[in-house]
Amino acid sequence: MILQLIDIGYLVAVVLFILGIKLMSHPESARKGNSIALAGMILAIAVSFFTPGLDNIVLILIAIALGTVGGLYSAKTVQMTAMPQLVSFFNGMGGAAAALIGLVEYGDLAIDDIGKGSVLMASLIIGSVSFSGSMIAMGKLQGVVKDIRVNKILAFLVLGLAIALAVYVLMAAEPKPLFVYGLVALALIYGLLFVYPIGGADMPVVISLLNSLTGVTAATTGLLYDNKVMLMGGILVGSAGLLLTLLMAKAMNRSVSNILFTSFGSAAGTAAAGQDGDQVAKEINTYDSAILLAYAKRVVVVPGYGLAVAQAQHAVHDLEKILEEKGVEVTYGIHPVAGRMPGHMNVLLAESDVSYDKLIEMDDMNEQLPNTDVVMVIGANDVVNPAANDDPSSPIYGMPILEVNRATNVIVIKRSMSSGYAGIQNALFFDPKTRMLFGDAKKVLNGLVSEVKNM
Amino acid sequence: MILGILKEPSPETRVSLHPEAVKVLTGSGNQVLIETGAGDSSFLSDAVYQEAGATVKSRVEVLETAEMIFQITPLDAEDQKKLSRGKYLVGVYQPLVARELMKSLAETGVTLLSMDSIPRITRAQSMDVLSSMSTVSGYKAVLLAAANLPRFFPMLMTAAGTIAPAKVLIIGAGVAGLQAIATAKRLGAVVEAFDTRPSVKEQVESLGGKFVEVPGAVEDKGAGGYAVEQSEEYKQKQSEMLEKSIIKSDVVITTALIPGRKAPILITRSMLEKMKAGAVVVDLAAANGGNCEGTENNKTVTLSGVTIIGNSALPASMPEDASKMYSKNVQNLLKLLLNEDKINLNFEDEIIKGTCITHDGAIIYEPLLK
Amino acid sequence: MEAIINYISVNQQEFYIFILAVFVGIEVISKVPTVLHTPLMSGSNALSGVVIVGSIIVLGKTDPANYLALTLGFLAVLLATLNVVGGFAVTNRMLEMFKKKPGKK
Amino acid sequence: MILGILKEPSPETRVSLHPEAVKVLTGSGNQVLIETGAGDSSFLSDAVYQEAGATVKSRVEVLETAEMIFQITPLDAEDQKKLSRGKYLVGVYQPLVARELMKSLAETGVTLLSMDSIPRITRAQSMDVLSSMSTVSGYKAVLLAAANLPRFFPMLMTAAGTIAPAKVLIIGAGVAGLQAIATAKRLGAVVEAFDTRPSVKEQVESLGGKFVEVPGAVEDKGAGGYAVEQSEEYKQKQSEMLEKSIIKSDVVITTALIPGRKAPILITRSMLEKMKAGAVVVDLAAANGGNCEGTENNKTVTLSGVTIIGNSALPASMPEDASKMYSKNVQNLLKLLLNEDKINLNFEDEIIKGTCITHDGAIIYEPLLK
Amino acid sequence: MILQLIDIGYLVAVVLFILGIKLMSHPESARKGNSIALAGMILAIAVSFFTPGLDNIVLILIAIALGTVGGLYSAKTVQMTAMPQLVSFFNGMGGAAAALIGLVEYGDLAIDDIGKGSVLMASLIIGSVSFSGSMIAMGKLQGVVKDIRVNKILAFLVLGLAIALAVYVLMAAEPKPLFVYGLVALALIYGLLFVYPIGGADMPVVISLLNSLTGVTAATTGLLYDNKVMLMGGILVGSAGLLLTLLMAKAMNRSVSNILFTSFGSAAGTAAAGQDGDQVAKEINTYDSAILLAYAKRVVVVPGYGLAVAQAQHAVHDLEKILEEKGVEVTYGIHPVAGRMPGHMNVLLAESDVSYDKLIEMDDMNEQLPNTDVVMVIGANDVVNPAANDDPSSPIYGMPILEVNRATNVIVIKRSMSSGYAGIQNALFFDPKTRMLFGDAKKVLNGLVSEVKNM
Amino acid sequence: MEAIINYISVNQQEFYIFILAVFVGIEVISKVPTVLHTPLMSGSNALSGVVIVGSIIVLGKTDPANYLALTLGFLAVLLATLNVVGGFAVTNRMLEMFKKKPGKK
């Protein structure tokens, strides 16, 4: 009877997992999805305690208690910005657990069950890779681990060796614990080599991939014990994680193979555009910009000549309207010489029927900027160039500017890092508060409109 | 049929029929005579008319030969003498105003078709000179105002300071008023409009203008879209509301008319005194007495620093397109009147009945008979 | 070849389950909006902590005298718990921002 | 310091300092004198100036008492006699054109600051009267053209036929040209523009205009954004391309200037003859000889049916905002010149050096010394 | 070996089914999806020929040949408009086949296998209901069968009796063929009673539901033979069909229970808005409109006063641009008195920068309309009212109009059925070519823009 | 109760398959656009013709002497074929309009 109930409990847990992931993929129901998945997990754990012949209960409970405290504590205290690191860390823990199970289990294994044996070896290798890879990914995000160029062939050799060892252990007539440890060590090294050369910007994709791998180890562990909940949960996480990896890469306009198999040196296609000497401008994508805008209280748009060139006046008004619908206050900061003729911005914005009340003069705007969450500079350059204030040798020194870096965040929309009318570089683009959103103003703004609409 | 186009007396610059219309009319078998230089002030030369099939003649010849005579301005006594019984006259005669003239014309025995009397029913829209000329006036009024205002219309934020947009108030949102709203909006002004008919609120807003609401107006659906006389109490309230808008405006364009009456005074002298120096009033109702105290018809005057433009002949200041539109209206009326080149005066037709003022020696226009 | 065919045929059910589960996994998130990429990654990371079930079983079945195995098993449970608990908690925090949808017009 | 504002001689209607500027200047310890009625033609009464802190005086008193004298128009011989050594004069003197006047002024020992000589560097944008006045001219040129055109600017599809949009050609897309493009676009015209500097193509397009390209122009980056003289071959090609555009245009607005030279002739008589009857040319280069053969400065003439408007004093036709902008420019220059109420003539400063024409009995303006 | 290959063949067929349905749910891949599903079906049929001990092959082939000819012939010759009927007919055939299998199988059944017995009875009942229901649905769509009010209780009694008989047969000690035939007869009658009272407009939903039922019989038949392809295929069709039923009902703004359990008389909730005497205007939703537009070659927009009221000039230009991007040719037909002032539409469209070249005068447009795929009338009414041509008593008689019904399809966007300036009803709205898309012009157009963007 | 639990436990695999298949069925069409409702209905109708497999088996296993069964079986195959072939063919025709995607820019 207990056994049957365990089966049913696992079955229900799997259904909860599926529902949980499903709900989690829609913004309105995401929180509910997380709770349902959690319920499924609690059920699965609870049920597993009824496994016949379970011993060391106290030890188990202690371990769980410690893990719970640690997990909760770190999750509650982590800073918003450090969350991806933490996810990576947690993921590594899962991989490590799977590898540890494999190690313990190896002792108990009947030597001749090649099927189970292979599954076990897979658990060991994948779990170890996932563990060490996750740790490096975390380090990279934290800024502790630097990018290192790694010879691809070396990496594959290491992996090959680990697999060869696994095959040897499987074929061997008697247990070879030492070889097993060696194999684990090699797999750990491969994990390092695998993640080391990938650029920090691509880490989220890598973490998603590693997460998918942890899912696979869960599934293999499930096979080992003929445990449905691990098997199914693992497959779900594995397949969902893989798709998610592809989607994330796509959203960043990268291909997965590009990310994984090109060293950061040559993969800096887009980053190079934002480099000036040793200064590097930080990029942002449309989605993240949309989030920043949609969840801001006050947004200021600073239009410049580029808005006119792109003929993006209608698009910017659309964005304004949709943000206002979401409760964001939007105004425009108009610099007196923005554009190429006096009143250029007025002509432009009047054409798309932007209300006159929303156009704020430079001096008034400079006072309002400190209370502004996001400034969106669209195709403007000289009129927001701090050199006008700071650099007496600059040709624009002495011109009053819109001091946009008084605001909390600055997003600059332009096509490249090239200069404006005055032909000079702009330190604003390298300001810690600034993110560059590259592209034609009209296209970018239309993209932002669709994104904000979906929120 | 022999059609005759006369040259308009100054200051009128339009011409009744455009060469395009002449081409169509001669094409269907009519003969078209045109007085020498009739099109000159509309930038249409005699040569162009000849190309279209017209024959250039002297004024007298046209008056005597043509069976149907076109002149926008009513014919003067001199010309009338040259008319013989049975001829047709097409022009803008304002029969309800020029009652004496109607009587004398009836006596000459001509059939007078007054373009401004065409009933404003849906089918007659294409012949409606009031609408087409109001379109010109509404547009031109704004241009005149902008040219005379010592300020910019649009907002400009420049290195030499920020220029606030001009505030334009349109009183009377009929055809001319709506066109004025659209034009002023185009130029970047902040536009408000007022009308006694609350139903035009939506129309004003559909052009991006703001409607000044005065609660309690009477709208007579029976009046065919025209305004009706309002109660004293309402007029009082209206005046107060309007004053507020007028005082803060840089430009006021008035078009308020009630058919057959003197135009209502909406801007009083005391309001003028409170207006900004340099402000401009364009009074399109000038010919009917004006909506502004102090308006002089066809003159520009300055009172308390406010420029009041009483130019009621705005279509004449844009003769080429105004002629084109007027001619199109006439041409559309002729489609009803002429069967190829034969006249067909079908009094069963609401439009012909409403347009025909005198016929066969008598006045037959109903509003004049009552 | 024949072995493989045989294997598939014998384990038909498992194959159906596997294929269907992969389909479900993929379908269920195929329309995920970009904003949810990170939370979803975090959430599925929490789910991958399901190895905790295996860890519990392993530790539960370990001979109480085998200290090495006990230690490893203990560690496995601890780490897996970290993964599960931390994973869900951090996901929850990430999703906080979707809590109070800003006043839609 | 004692600042004195003079009333401009007719036909100038602007005034050098706006009451807003007066307020700021008196606020920082200066004394401001103003000639009676100086602001009248800009709709700024003496009362308003008094409120802002100015004292109203007669012309002679102002000329004699003030240390710094503001008049946009150059002072006539009569007034110059009343100047004493060490005074400052601020106005628009065109030093490269009026060389004789410069010499005589230098002799009086006054310090002349000519607003039109301010170097067109970024920092000086807020003092640049050429830009601010060109803004007014460009806007006003289009309004004038529209008011004089016998046709509509926008397209209209009405019951009285379809009116095609006017075709407007802007030659010279500098500050005034760009503003004209914007204004004509606003009114609904189809706008083309031409300039010898290919780099303005993008600017024209950024305003919704179409750029007429003539391949092979020389652009001198060193000329600070100004046009340079072009080769004969290029001029030939340009003339052919332009002719095509000119002939089909309803309105042509020319603003082509090359600093220090007579304006190039771009519309020849033979082109005028081929233009549409009723077309309008507004020649903003009229004061420098005009871009159109037949242009007369400050006159409107009609040649071969084309109306040519040579009004080069357009800012004076919009005195209120033009004065406001001019005054703002002057005020920004004074920020450099005055330290609170003390003069500080720092010739190290590029702007002051470039603006100061005569000083201490001599001409010090470099372009005049060469 | 054969047996194993059969298993694998079925497995592959199931995967093909899933892929087929998946692809079929996106416009770009729908055709491919249909082919893949077909491939799966052919595979399944081919494999089933290898079932050990299969006899009567010739007979089978003859039956298949006949069925193929009949199926292809009817599918090729049917008129576009009669397709739903045909689908309903085919669906009935499937149900009938399942019921027949049940009948044959009943003879072979071991009396005491209650599990299989129940499954068999279910096959019989559901198959029969599906058959007779489909036939009635077809008749209704064809206009042959009229709506009849049916007492719900009677219907349930019939069904109850059929189930009771089934239970009796199952419990009986020996075969009761007669009772089985009786049970089938009752089930057939229930099918009739079930569909009879449902209104013709709701038939598509009913057919989808019956289709889902046929899927269930396929699944039960699969259980009977322990045949995976039938089981899985059946479950897929059953669940997909059920969801589709719900979606279809939702798209029609109806609830399924409303459709099934309310007689046609009272169900006219939404239709009322578009009714004029006995004329009913047909509605269309945003999505279908978007498809119509996106797959058209030539689209003509006819704007009217409503476009101005809604201030939808920017939205209509956006739609124009996105359609042009998709290769659709878009022009505007401008009626001389559209709006409320001469040139109203010009002012409006110039504001949103619609090119002058795209504005076509009425007379020219009337000539172009016969070559136009879709006319989109936006907030216009009088200017497209055929009464101006046809009805001498109409106040607008004699005004020239844009004769939009010369085009292939007409979509009319307005907020309601209310009249325009002239205050008269418009026969265009009841034209067979016309579909009404109700809503504020700006909202509707913005909706269309997003839909078209996603195609 | 116990019987049910037992049944579920014994037939676990089937239950997994059933649940997963239902999920797949639902997920796969959950985002279907309205235009595709009818074609999809038609397509899934064609798929429900999978009973043809059963019909073939039934007819194939019928005693060639049992004429009643033969007739019924023959009919079953015939009708099921109609369902399959007709279903796919008509779906294909419905989908014809999605054939030539207009030239995306």
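Going in written order, the chains are labelled A, B, C, D, E and F, and every chain counts its residues from 1.
Basically, contacts are C-beta pairs under 8 Å (C-beta built on N, C-alpha and C of every residue); 3 or more make two chains touch, one makes a residue touch a chain.
These numbers were taken from a predicted model, which means no experiment stands behind them.
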| item | value |
| --- | --- |
| Centroid-based (C-alpha) most distant chain relative to chain D | F |
| E-F compared against C-E, more contacting pairs | E-F |
| Rounded Å distance between chain B and chain C, as computed from the means of their C-alpha atoms | 80 |
| Distance between the centres, which are taken as Cα means, of chain D and chain C, whole angstrom | 74 |
| Between chain C and chain F, centroid-to-centroid distance (C-alpha), Å | 33 |
| Residue numbers of chain F (touch at least two other chains) | 16-17, 21, 23-24, 27-28, 31 |
| Chain A, residues touching no fewer than two other chains | 18, 22, 232, 336-337, 342-343, 347, 350-351, 353 |
| Of all residues in chain B, the ones touching two or more other chains | 125-126, 131-132, 135, 154, 156, 158-161, 163, 186, 188, 208 |
| Chains touching one another, given as label pairs in label order | A-B, A-C, A-D, A-E, A-F, B-D, B-E, C-E, C-F, D-E, E-F |
| Partner chain E, residues of chain F touching it in the complex | 17-18, 21-22, 24-26, 28-62, 64, 66, 69-70, 72-95, 97-99, 101-105 |
| List of chain C residues in touch with chain F within their complex | 13-14, 16-17, 20-21, 23-24, 27-28, 31 |
| Residues of chain E defined as touching chain B within the complex | 305, 308-309, 311, 336-337, 339-344, 347, 350-351, 382, 388, 395-399, 422 |
| Residues of chain B that touch chain E when the two form their complex | 121-123, 125-126, 131-132, 135, 175, 178-179, 182, 186, 202-203, 205-208 |
| Contacting residues of chain B [partner chain A, same complex] | 154-163, 165, 188, 190, 208 |
